[in-house]
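Order as written gives the chain letters A, B and C; numbering starts at 1 within each chain.
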Amino acid sequence: MIRMYCAYIFLLLNGLAFQSSATEAPELFEVLRNKVLSVHDYTAKVKMKINVNYMRIPQLAGVLYYKSPDKMKLERNGGLSILPKKNINLTLRNLIPSGDVLVIDAGADTIEGKTVRILKVVPTDDGAIVLTKIWVDEARMVAMRTETTTRDEGTVIMDLRYDKYVSFALPDNVTIHMDIKEYKLPKGVTMDYNDLPDAKNIKKVKNKKGTIQISYLNYEINKGISDSIFEKE
Amino acid sequence: MKPILEVTDLSKSFKKFKAVDKLSFTIEQGAVYGFLGQNGAGKSTTMRMLLGLIFPDSGTIAINGYKFNNSRRFLLKNIGAVIERPDLYGYLSGWDNLRMFATLSGMSIPNKRIHEVLEIVGLKGREKDKVKAYSQGMKQRLGIAIAMVHDPDLLILDEPTNGLDPQGIAEIRALVISLSRDHNKTILISSHLLYEIEQIATNMLIIHKGKKLSDGPVSQLFNPDETLIEIELQPEENIKTVVENSQWYGKSVRISPSKLVFKMNPSFTPDLNRWLVNQNVNVLNINSRHSFEAYFLSITNDTATTDRAI
Amino acid sequence: MIPLLRIELYKIFRRPRTYISFGIVTAITLVIQLAMLSDGKSFIGFALQGVNEQFDIRGNILNGYLITYLILQSLLIHIPLLVALVAGDALAGEANAGTLRLMLTKPISRVQLVFVKFLGSFVYTVLLIVWLAIVALVLSLVLFGTGDMINLKSDAFVLLLQDDILWRYGLAFLFAVLAMTTIAALSIFLSAFTDNAIGPVISTMGIVVILTIMSNLELPLFNLIKPYLFTTHMIGWKGFFDDPVPYAAIMRSAGVLAMYTVGFLGITMLYFNKKDIKS
């Protein structure tokens, strides 16, 4: 109820400030969302690099399978698939609220020299997403950036760059910024080697942010994917 | 005869215990040198020093004129040894043990020689058996085979008959005699029992508490003129006067009413006996043994038998 | 010296006791492999708790490479015992059996004998590690398949790609040989000072256990001496499973182990060369 109230205040304030906008914010959001939702599944060759302070993972190459609404799997020819948990999924689809929303125009910004509109989207249901800010490139009708505040996973920022698949609103490059929880195992269990004094000097930055960079090399879109591919091994 | 081994002023202490004290002796080529002393007298320590197992505190050891310290490995090629029980590799066969130690002796030894040595020590036919299945006597003989496989001139045998039954002792004794007589070995053999080696030794050395007591050729140590003739009598109160007034007095070492002891050549015993009968002395028993044996017993058993001995 | 070494190897490998170690390595390996076959999933779940909160890791996590790492880690404590079983027996065992004095009445150099005892133990150690590589790595790969390897450190999650692992094991096993050779040298060192066979084996284990505890305890006093304990460096093989591989630290660890080995051996030679053989 409180959220609804807040959303109305947002709407009111922003409505007053940006009455002159060409397309209304809710309309813009709907067009964008429909474009995103038009992709039901895809298979894409990807390269993924996970940059999390406590994780030392080389660049992973593989095939990313996606099926709406939330099935995803990285196939690495026998290798392991490491993906963020469901709530911070790699697709825009899951960072944009899917139910009824309030959309507020939050002004304009510039990303890579392009002027973009900022939309604030507040879901009216009790889903995992509390608030999503979307930076929209109106000319191409794609989201250049999203900033999603989730109930449990903190804030996730996603930067998207488009090229060949812009008509499907599918990015070629995505960088996800996420909050990282602390990781620690007892030394008595792991019996680490590096415990020499000089090893202690190795930077122990308490970086709480992590990024995941994904390059999509090609997409096969809406060809239909069997559910069995996503079954847990 | 030229000396094969010369030991001069050899001393060794373990902490405060003086195991060997300024010991000197010489062994000539071809001798069977009996090394006598009670347990703990310093025999083993001395023999171990001769083999380089224990390092002397002072004194010198020379073999064939070479100082042992300077030429240990060279000299060991010409020595074979059995120190106490020969402990061997029980999980290996007699042949394997012998072959292995033959290789360690620093010269190439053909299998023919190994067969030959097995023949000499009487283990032919048993060489394929595991050593752990051997009797103590067989192990002892295999030990001697190992000691002589590289045909050394000097054999050092430390109590080779220890722990053997009478038959085993006799076998080893025969083997030592044959090694000396037929194979021309110089042998240093130790024992704490005189009777074990008096028949085979040409020379003897007695040590006690690390010190030399006496040494020399057996012929000299066992001079027949120094045989002890013990005569038990029906007690005769005036026997002392009777002996003192006779020609036998000079040879007497002990005179008591029930027992007389003379030191002399045993060939005089019949004359002595006849004289005693003529003096109306009743002789119950005549016993003879060598004074060297008595002397040895007196040392090895310390006080217990001293009285009986002399 | 070659005949002496040949004899030493002959003695080691004709003795039934030698093969017990190979049996024990096989048994421990099989036990861990069986445990992982039946219960590995929950083990992985437990170990990956922290990471699983945010990341969804799928695929053959419990693959042969990871199992081998776990086996190596748990054998860290046991292999020294097996090495000591042979190396600790090298001089003391022969002294105890009485064969040492017989050997030393033969024209061989005592320094050479110590060195040959060391070489014999070294050959045995190499074969034991090769055997371990076969049963741990080869058998685990057969049973559990290949895959990317996760290496969990107390403060890091390291993922190694499957085609980037085998060389690490090669170097890790080499390093293990060096570490175990240090144990062999320690055992021979202890073996020179006593005439009973079990003493050096137990002392070796005692020293390894105590120093390992000191190497792993987080106390200021221990931290001061840790870099000088050989047990701290014995786990240097783990460095090959980090990314990037800390080559400088591994080389230093190898250096420390080599120095300990040479040190133990040198003191043993000096001492044994002057020792009175009274056994």
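What to note about this one:
Convention: a contact is a pair of C-beta atoms (placed from the backbone, for glycine too) under 8 Å apart; a residue touches a chain by one contact, two chains touch by 3 or more.
Here the structure is a predicted model, which means the values were calculated and not measured.
Distance from each chain's C-alpha mean to the overall C-alpha mean is smallest for C. Across A-C and B-C, it is A-C that has more C-beta pairs touching. Note: centroid distance chain A to chain B, computed from Cα atoms, is 99 Å.
Centroids of chain A and chain C (each the mean of its C-alpha atoms) stand 48 Å apart. Distance from the chain B centre to the chain C centre is 52 Å, each centre being the mean of its Cα atoms. On chain C, the positions that touch chain A within their shared complex are 47, 50-51, 53-61, 73, 76, 145-148, 150, 152-162, 164, 215-216, 218, 223, 226-227, 232, 235-239, 242-243, 246, 249, 252. Of all residues in chain C, those touching chain B in their complex are 3-4, 7, 10-11, 14-16, 97-99, 101-109, 274, 276-278. Only residues 54-58, 60, 73, 76, 78-86, 88, 153, 178, 180-181, 183-199, 204, 232-233 of chain A touch chain C when the two sit together in their complex. If you check the complex, the residues on chain B that touch chain C are 14, 48, 51-55, 72-77, 79-81, 83-89, 91-92, 96, 100-101, 103-106, 143, 146.
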